[in-house]
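After this come two complexes, each holding chain A, first together with chain B and then together with chain C.
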Partner chain A sequence: MQTGPDKTRSVQLPGPAPRGWRAALRARLEGATATLAIPALLLVLFFFLLPVALLLARSILEPEAGLGNYAELLQSGAYRTVLLNTFTIASVVTVVTVLIGFPVAWLIAVSNRFWGMALLGLIFISMWTSLLTRSFAWLILLQSNGVINRMLKGLGLISEPLSLVNNMTGVVIGMTYILLPFVIFPLLSTMRAIEPGLLRAAALCGANRWQCFLHVFLPACVPGIAAGALMVFVMSLGYFITPVMLGGSSTMMLAELIVHLVQSLLRWGLGAAAAFILFAITLAAYALQLRLFDPLRSAKGGR
Partner chain B sequence: MLLDFRHLGALRWVLVAIGLLVAGFLLLPVVFIVLLSFGSSRWLIFPPPGWTLKWYEAFFADPGWFAALGASLRVGLAAAVIAVVFGLGAALAMSRGRLRGAWWLHMLLLMPMVLPVVVLAVGIYSLALRAGLNDTFIGFVLSHAIVALPFTVIILVNGLNSFDPSLEDAAVLCGASRWRARLHVTFPSIRLSIITAVIFAFLISWDEIVISIFMAGPNLQTLPVKLWTTLRQDLTPVIAVASTMVLAFSLILLLIAAILTRRGR
Partner chain C sequence: MTAWLSIDALSKSFGQSIAVRDVSLEIGRGEFVTFLGPSGSGKSTLLYMIAGLETPSTGDIRLAGDSLLPVAPNLRNIGMVFQRYTLIPHLTVAENIAFPMKMRKWDRQRQKRRLEEMLALVRLEEFADRRPNALSGGQQQRVALARALAYEPEMLLMDEPLAALDQSLKLDLQREIRRIHDSTGATILYVTHDQEEAMRLSDRIAVFHNGTVEQFATPGEIYQKPGSAFVAGFVGHSNLLPAEMFDEAHPAVALAGGDSTGTPGLQPGKGAALFRPEDFTVLRSDTGTAALTAAQTGTITGTITDIVFLGPVVEILVRLASGARILVRQAPDLTADLRPGDQVSLRILRQPWILP
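This part shows the complex of A and B:
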């Protein structure tokens, strides 16, 4: 038999124990459960909060105390170009992923179980297989004598090879490829939640297909589009591997700049400040998203 | 009618065409890299002049690649175990304990997923340099565990929420200790979530590259780091072999996860 305070719970059924004692025991048991979160909390403290705090400290303390690093980042033309690149690429990637993701989510929403699952499985696989490997594949595919260029040439569409890599085109193709799932999944769940009766009602009221799409279907999809677009935009702001591999010297993005400053130039203060700007933008975007749609609330049942 | 395939009219063929193109777009790089690893061209020309296994021989003959593969497996396993054990504790505390700040705790634990990984990487690097954790096994494991933790928390909280806590309470009422009840009633019931969490935590570590680039040193580098450094020096077909290995391993694990989820229904 067990010993210790746990055993006493079995006494609860017939137990004529005083109320206060029982409540105290319960509190103790549940208090003990709460302590189970401590290891995870310590991990988050030492490998998340502390590094981030350290970075913030370094950004305002090195090489000397003050906001000099931030001023340098925002004033220097070279760094401003990097910021501009980052926002441009993130915006283009967001628009392209939404334009491609929308019909794909729609197709999955209307296809039968088998084909829907097949497409979803494919998207899921591409989401969970190596980012590095897939970026590498695109690097080879998009080369000037690569498969894509030779195929286009063979079809007679182009006479000279297109420069598809080591520039912004390459970065956009690679990042669209990698971020596509993040717009398809939220869109799909929004579309699946749309009441089909709503569309039928619109049709019964005399709306044609185009009016139905524009005035009923599309507005109903807006939350999904917004969630997916925001997600893709924020994620692309911080991307490192794909832009480095598929981009060129003129398409440097914020993440690459941070790594360059810290690892090659050892300018920790400046690098930390750049990292903090990225962090702040990301947090702001997620705060916006939390305001619009609370993922935790929606995860706990309800839509 | 816009949500019914049969009533979409000509539009459905447009959707199907886009779907096929996107499916091809998603599959192309994965299939391409596997084919490339068997091609005989030193210069990664495709379609290759012939097929060969010599790049695989070169991969396994090179102690550097082999060591990286071993390091990735060890780091991945250790990081997965830590992320799942810590995540399970946190999930129990949040869904079972009467914790006032449960929402905040949940948000805090999900934060590492939200932060751009490059920021986390630079931060951890800065800390690791001071703590002497760079180029060490423990440094790799803990920094991978923090990236995997949000995912294990999500999976395990979902698992616990779909399990009726009164079953555990019943076991306790029948005389089992709280821990015994968990071990014999709760954990077996959510074993599917636990296994899924282990698989995905491993996959995250297996694929982690940005933090690893900073963590790696002459002593220890994982397979993606070795891939990355080799890539920047020289585009050899052995990279395609290493990529295929990374892909194959991920696909096998995903398949296991899918089969388990299926069986669980």
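This part shows the complex of A and C:
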């Protein structure tokens, strides 16, 4: 790997290094990129792959070797309900956050600097508040003699208090509120990257406002929607505090079940199997997104 | 040519700054008109007002007698090509070209026929199913051109469509745009800051300066009879010498500072005479200048200060006795024996244009 320019440079170097220590060092570094990656690989191995392997091992080895834990989780009605709850709540929360997050992101994107910053500030302040505090606040707002029910009653819209908490409604409301920023931020950056000239050009092609939105703006936002939705979906799957506080016994989600299995029932193998299922669903969701919205693939064009 | 598009005392200000001031132009149907001027002179703003993307502060725009101002941009029946690529990224080339026809709800058969015509017009048949980001810049601009022309708009507006392309591609596309103009008969308003491009393409050129139109005329007139010193300087190189017109019918000039053309009895010092670099023949003073003495009008003498070889021509910078500098372009073989420092005579080949 000794090239011409390196040789000439090494001649001008002072000191007893006649064959060009720089070139030699560079050659060694180039051959050693794999070696240089070792610390990072070790870190990933130690903090990520190892725990996952242990988890998997535990789920198939405790209390005895085999797939018994998985069979129990998928066959028992109670556990199946928990899996279904987890999936349903995560899906509903994802859809609702996108439906609310899209217009909010759009509002921030089109507002002037002052209002844009003000809206973003509100979102940040709520994000910096403790999760526990926010879930608790929703509990107070939503309970049957809480602010919302009393207001609706005062307005004469309802006669009996609505049950807004300790059920799926409460969980969805609380989680939607908490996860909203995770769909707003990617959407906002996608919207800000859309060339304004694109919409002007579409208008000159004869598209009215609605057609511009439908045929140009919305499709351009799809990558942002996908990124935000995946984030919210994956985070919802493993959510713990909010479902515990705002949900009821019939809305138990997977994370709560795992805690219950490990802490109360001491069934480590079953807990590990449940955790591994959660992990597998998350990976599957990520793989699906890569397949549909792979940035490298779409850059190559064609269909 | 009778006016089809009338721009009438149009102005546009952004807060304190005035982008377009009191512009009036009459443009005929089927004409290729270029807005030429330096960056920031208001060309795009005027084009955007015609497209409906900017609202004029005062004035009116009329098409075939009716004001365009109350018409929304998407109903103006105008095609536009921008400098930056504005193809819809998630649609294929064919879908992009068909987009305006789809928006106008043309029936499928008609869309299909027209799409094929357009793909053939811009020679992109093989690329119909590609996405825009799989095309080169020049191909993208050709798609944009096809999309702008697809629904047979009354007018095609282009805002520096070739500015981002490299030189050889630019020439190809200029030829293509001109061919499309000739074969479709479309009225084209074209914005550029490139004088050569303007010359090559246009039927008429409007030269912009600080938001106003300095001159609106054919390329030949703009070059040979510029209406102002700005136009003379912006289009081609100009050698301006202080001068005075001798006689309206025979506009011989006397030049200031002793650089007389030899015509006796003239008072120099008023007005400005425009000489283009190709308006002279350079002769060494020691060879045959005897033949070019006072009796012969149309000679200026000076000293060569610089010679630059450019291939097809050689540029020679000559300093006159008055201190004025004149740039002359000559064929290389006529200048082989010239050196900086040589005394030369410049024989004037045609009467200079006297700037009003």
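The criterion applied here is as follows: the second predicted complex is superposed on the first by the 235 of 303 C-alpha atoms of A that agree within 3 Å, B and C clash if a C-alpha of one lies under 4 Å from a C-alpha of the other, contacts with A are read in each partner's own complex, and residues count from 1 in each chain.
Following the convention adopted for this analysis, contacts are C-beta pairs under 8 Å (C-beta built on N, C-alpha and C of every residue); 3 or more make two chains touch, one makes a residue touch a chain.
Keep in mind that this is a model prediction, so the values were computed, not measured.
Novice: Please work out whether A:Ile140 is in contact with chain B alone, chain C alone, both, or neither, and reply first, second, both or neither.
Specialist: Only chain B is touched by A:Ile140; chain C is not.
Novice: Please work out whether A:Ala65 is in contact with chain B alone, chain C alone, both, or neither, and reply first, second, both or neither.
Specialist: In the superposition, A:Ala65 contacts neither chain B nor chain C.
Novice: With both complexes overlaid on chain A, does A:Ala203 touch chain B (first), chain C (second), both or neither?
Specialist: Both partners.
Novice: Counting only touches as set out at the top, which of chain B and chain C does A:His215 meet: first, second, both, neither?
Specialist: second
Novice: Quick check for you: in the superposed arrangement, does A:Ala78 touch first (chain B), second (chain C), both or neither?
Specialist: neither
Novice: Name the contact category of A:Leu122: first (chain B only), second (chain C only), both, or neither.
Specialist: first
Novice: Have a look at where A:Thr33 lands relative to chain B and chain C in the superposition and call it first, second, both or neither.
Specialist: First partner only.
Novice: Specify the partner with more touching residues on chain A, choosing between chain B and chain C.
Specialist: More residues of chain A are touched by B.
Novice: Could you tell me which stretches of chain A are touched by chain B in one complex and by chain C in the other?
Specialist: Shared contact residues on chain A (touching chain B in one complex, chain C in the other): 200, 203, 216, 299-300.
Novice: Which bits of chain A are touching chain C when the two form their complex?
Specialist: 195, 197-198, 200-208, 211, 215-216, 219-220, 222, 298-303
Novice: Going by the contact rule at the top, pick out the chain A residues touching chain B in the complex.
Specialist: The touching residues are 1-2, 4, 6-7, 9-10, 12-13, 29-41, 43-44, 46-48, 50-52, 54-55, 58, 100, 103-104, 106-112, 119, 121-126, 128-134, 136-138, 140-141, 145-147, 177, 180, 191, 194, 196, 199-200, 203, 209, 212-213, 216-217, 237-238, 240-241, 245, 255, 258-259, 262-263, 268, 271-272, 275-276, 278-279, 282-283, 286, 296, 299-300.
Novice: Note which residues of chain C are touching chain A in the complex, please.
Specialist: Contact set of chain C toward chain A: 51, 53, 73-76, 78-80, 82, 84, 86, 88-90, 92, 99-100, 103-104, 129-135, 144, 147-148, 151.
Novice: Given the complex with chain A, which residues does chain B contribute to the contact?
Specialist: Result: residues 1-5, 8-9, 11-12, 14-16, 18-19, 22-23, 25-30, 32-33, 36, 44-46, 82, 85-87, 89-90, 92-94, 96-99, 103, 105-109, 111-112, 114-127, 142-143, 145-146, 149, 153-154, 158, 161, 172-180, 200, 203, 207, 209-210, 213-214, 224, 227-228, 231, 235, 239-240, 243, 246-247, 250-251, 254, 258 of chain B touch chain A.
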